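Labels run A, B, C and D following the written order; every chain starts at residue 1.
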Amino acid sequence: MSPTSYLFTFEAGPEFPTPRPGQFVNVAVADDLTLRRPFSFAGIPAPGRFDLLVEMRGKGTRALAEKPIGSAVGVLGPLGNEFTLPGADSVSLLVGGGIGVAGLRLLAQELRRGYHRIHALVGARTSPGLLHHVLPSPTGDGEVLIEVATDDGSEGFHGTVAGLLERVLNELDAPARVYCCGPPAMIAATADITAKRGVPCEALLEEMMACGVGACRGCVVATRSGYKSVCSDGPVFDTNELVLEELVRA
Amino acid sequence: MPELTTRIGDLTMRSPVMLASGTVGYGPEYEGVIDFGATGAIVTKTITVEPREGNAPPRLVETPGGLLNAIGLENVGLERFLAEKLPEAAPLPVPIVASVAGTGAGQFAQLAAAVGERDEVAAIELNISCPNVERPRNPVWSDPVAVGEIVSAAREATGKTLSLKLSPNTSDILSVAEAAERAGADALTVANTLPGMRIDIERRRPALGNVTGGLSGRALMPVNLALVWKVAEHVSIPVIGSGGIGDTGDALEFLAAGAVAVQVGTALFATPEAPSEIADGLRNYMEENGFASIDELVGMAREERRTCAETA
Amino acid sequence: MPELTTRIGDLTMRSPVMLASGTVGYGPEYEGVIDFGATGAIVTKTITVEPREGNAPPRLVETPGGLLNAIGLENVGLERFLAEKLPEAAPLPVPIVASVAGTGAGQFAQLAAAVGERDEVAAIELNISCPNVERPRNPVWSDPVAVGEIVSAAREATGKTLSLKLSPNTSDILSVAEAAERAGADALTVANTLPGMRIDIERRRPALGNVTGGLSGRALMPVNLALVWKVAEHVSIPVIGSGGIGDTGDALEFLAAGAVAVQVGTALFATPEAPSEIADGLRNYMEENGFASIDELVGMAREERRTCAETA
Amino acid sequence: MSPTSYLFTFEAGPEFPTPRPGQFVNVAVADDLTLRRPFSFAGIPAPGRFDLLVEMRGKGTRALAEKPIGSAVGVLGPLGNEFTLPGADSVSLLVGGGIGVAGLRLLAQELRRGYHRIHALVGARTSPGLLHHVLPSPTGDGEVLIEVATDDGSEGFHGTVAGLLERVLNELDAPARVYCCGPPAMIAATADITAKRGVPCEALLEEMMACGVGACRGCVVATRSGYKSVCSDGPVFDTNELVLEELVRA
């Protein structure tokens, strides 16, 4: 059961504000669904345009994929906060599990443009689920490095991407900043590993959303200062702020 | 040009399309997205005396044609509402209805007095019908005596226009409506959400952290429409319709059943333009069918009204 | 090979997927369309002592995700049911559950005795919850005393397996469920339709001849699922789920909530293959997830069960 | 507001029983609709195929029209009873209002093949709504005659198609049998006119349907012998059997 993902490009027009890495958009994917569907901006191929990288998960994502090219689709965004960009001297470790890579792609592109050092760690259950190919290509000079991990060892590191991160952090020669996106268990593991080492870490979280603007309080996540809404206080959170047990349990 | 102005007690609205409690926060969250200038009024998230954290996530799950929410009345509490949220909402070009909920008549009175004092508050909605905070065998919302006490207490505490928000989850809504009218409610909001649940089969547990939630959205529409029909016939105070209203046709059905105004809630999530689209749609409908004011639409599907029209 | 056999009292079914009352007529109407061989049981249209003409048309209107019906218990009456319909249905390769409704305990006893005597009847469903025949302020379905009397009377009249069909239109379903259990019901069917209405705006009148109807279909699913969850925890007799069940996922949710069997109704109209598809789907799910019998699915989303599974 | 109609051809396969004039089929037009939609068989272009002539009325008919050509669509049928064919010497008067013509098209084709005399009277509110062109073409020898009526007089007879029928019946030189399909008021008027003259008349009725097989009792119409279901007792009824006031009121 390897998941399928599609890259969509939307023509949003010149008035659409330029999305920042970490932000997302609420898409009206189908008339008969009560809610819009949130997706991370996964690229800005040209001014007024944006990419979404979407994994087929259920009715809404399928409805989106079935739309004829050129369909008009309602979008609300850019929504949410953004990733904190790294200091000039630190390596950015982008840790993506499964479709989580989508939430890191725009960040990777922006960092790449700024000649930041990027080390992307991409995980999946098995080899066909790996999405590292959507990230900027590795460079010969090691400015962009990409490593992969699979749970079943079918490609790259045999184990979780958090396990891979641990190895990488142990070997790293420079200050690091970690950005992660993926399943709750992966985020919790990443948060643990970075917390132990005092490495700053931000996670892009997912929650069921209704309004997308902080009004309905439907998309909350437990933080040390109470429930915060993923749509308006996030989706990017400092992992030290998260109550990890609740994140994994929810 | 047909006139959309709608009055409920002292609340005057430029359109009968209000925004439902809990779906617009305190207002400013939706600034720049919803056209407040085309909206009759916003009803704030329900305020309680103390701040509430709300329920454990997940708080939302979609259902066929609907939505279950188990927010659990997360709100900033009365003090911060008065100090921060109300002043922030006041500049919006739309009247503000404050929704409040207490644990008993005393708290309802306290809340009604405190928000009723404020000029920014155009009216008050008493929420006795949230299915996400208590699940006793005999909930307040189906107990006419308890409801009468709550409304009386609030009535004594403020001169502001009061609407009581009923629950669809009772087999005898009329006794509750009667009790509220007798105790001095100026209007009834009909109605809140119905308890419901979904199960996450993959994880073998309820999809919501709170197990059950309130069903809203189009799935609910026929249920609440039937309640509006029933209640509007029974009381002589105005009825405000709520439940799955998403387009002009839905709004017309609620008005035709006897509601004097409608609240749009869940539909905002997919279509934040819905309130202004509905206002435009009502205007067009009235123009095409020769109606001059919203009043003339109210109850137009009722036998009494139809007979009049036929004789006229 | 997982085992789908399901038992409720003396009723043994080859699959937990039953067909809901009123949606399959007396059975033969759907011969050649529904695969009765893959179906657990059919529940007949509700039979009353006297024949009933039913309500004035229109009797159906679609709603978002659902359907409103106001059939009004049109049926051939007890005599013709026994003389014609039952013999015609008997050859179908599926057990027959006779649904009956009386105006009070006496008629329920009469009906239960008469259908209970017949070998073709595998079990009896007592329908106290049709929203289309009477609309008193205090309907029977939310009156534990009246329900207790009805069940006791039927219990005395027959030894056949009895299920009482509850209504979702009450804020205190548990008292009704308790009363039925105490009075000797072998099972509870949870639940019937919710009152609802639509208005035909073009003709400015209710869309249904009867004004209101019963909401069924997927829109209703989360409401009745929550009731199954609540009732199954509370009683020790088996619960049969009904309300918007259309596919394997829906059936799994009802079983996981605590139902031992499910009824498919409205989904038949769009998908007459649904009962056999669901049976196949359950079998696949059980195979893939290592379940040997339906029993093991029942209540699997409940805390009690989950704790057991985790300790085991 | 002139209605739009489409002719669809379905490939049903050789096992599909050959539909008879008057019968209908229940079509699963869209996944998110609770009910199938009933349509009269409007032609049999080849064995194992059938035509439907569908007026765009709401969600379901639009969903059908939006399906790509070649889509697989669930159908249940043929359902219902059929028109009584005329005696060899009588003229068949086919009276269709609006999309009602769809319900008469297969009958017209069958009568035409049998060299029966057909006189079709087709009505609509205004000229663009007239659907007479879907019927067999008029013949020079008068075996097939077609006349039209419009409420606004924009084409043909100025008035209702029932008014036109009255004129035609007054002038007719042979025994007649009337078949009608259209809005309730038109059917009631046709029933009145034929009853007064003792001309046999059958109507194809429409009602909201759920099961389509007589099980749910949802589609009833009032007859002199009580409520009958349009799907299984009909959709064709002898108009003398109908309680016309209730038909018009419902």
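Note that a contact is a pair of C-beta atoms (placed from the backbone, for glycine too) under 8 Å apart; a residue touches a chain by one contact, two chains touch by 3 or more.
Predicted model only: the values in this text are computed from it and were never measured.
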Touching groups left behind when chain B is ignored (all other chains fixed): A | C, D
{"item": "Third chains touching both chain D and chain A", "value": "none"}
{"item": "Chain whose mean Cα position lies farthest from chain C", "value": "A"}
{"item": "Chain A and chain C: spacing of chain centres that average the CA atoms, whole Å", "value": "46"}
{"item": "Chain B-chain C separation of Cα centroids, rounded to whole Å", "value": "33"}
{"item": "Between chain B and chain A, distance of the C-alpha-averaged centres to the nearest whole Å", "value": "37"}
{"item": "Chain B residues counted as touching two or more neighbouring chains", "value": "63-66, 217-218"}
{"item": "Residue numbers of chain D (touch at least two other chains)", "value": "32"}
{"item": "Chain contact topology (line, ring, star, complete or other)", "value": "line"}
{"item": "Full enumeration of touching chain pairs", "value": "A-B, B-C, C-D"}
{"item": "Touching residues (chain side chain D, partner chain C) in the complex", "value": "28, 32-36, 74, 76, 207-222, 226-227, 232, 246, 250"}
{"item": "Chain B - residues contacting chain A, complex", "value": "22-25, 29-30, 33, 45, 53-54, 56-63, 65-67, 69, 71, 74, 209, 217-218, 266, 268-272"}
{"item": "Chain C partner contacts - residues on chain B that touch it in the complex", "value": "63-66, 68, 137-139, 141-142, 167, 169-172, 174-175, 194-201, 204-206, 211-212, 215, 217-223, 225-226, 229, 244, 249, 252-253, 256-257, 300-301, 306, 309"}
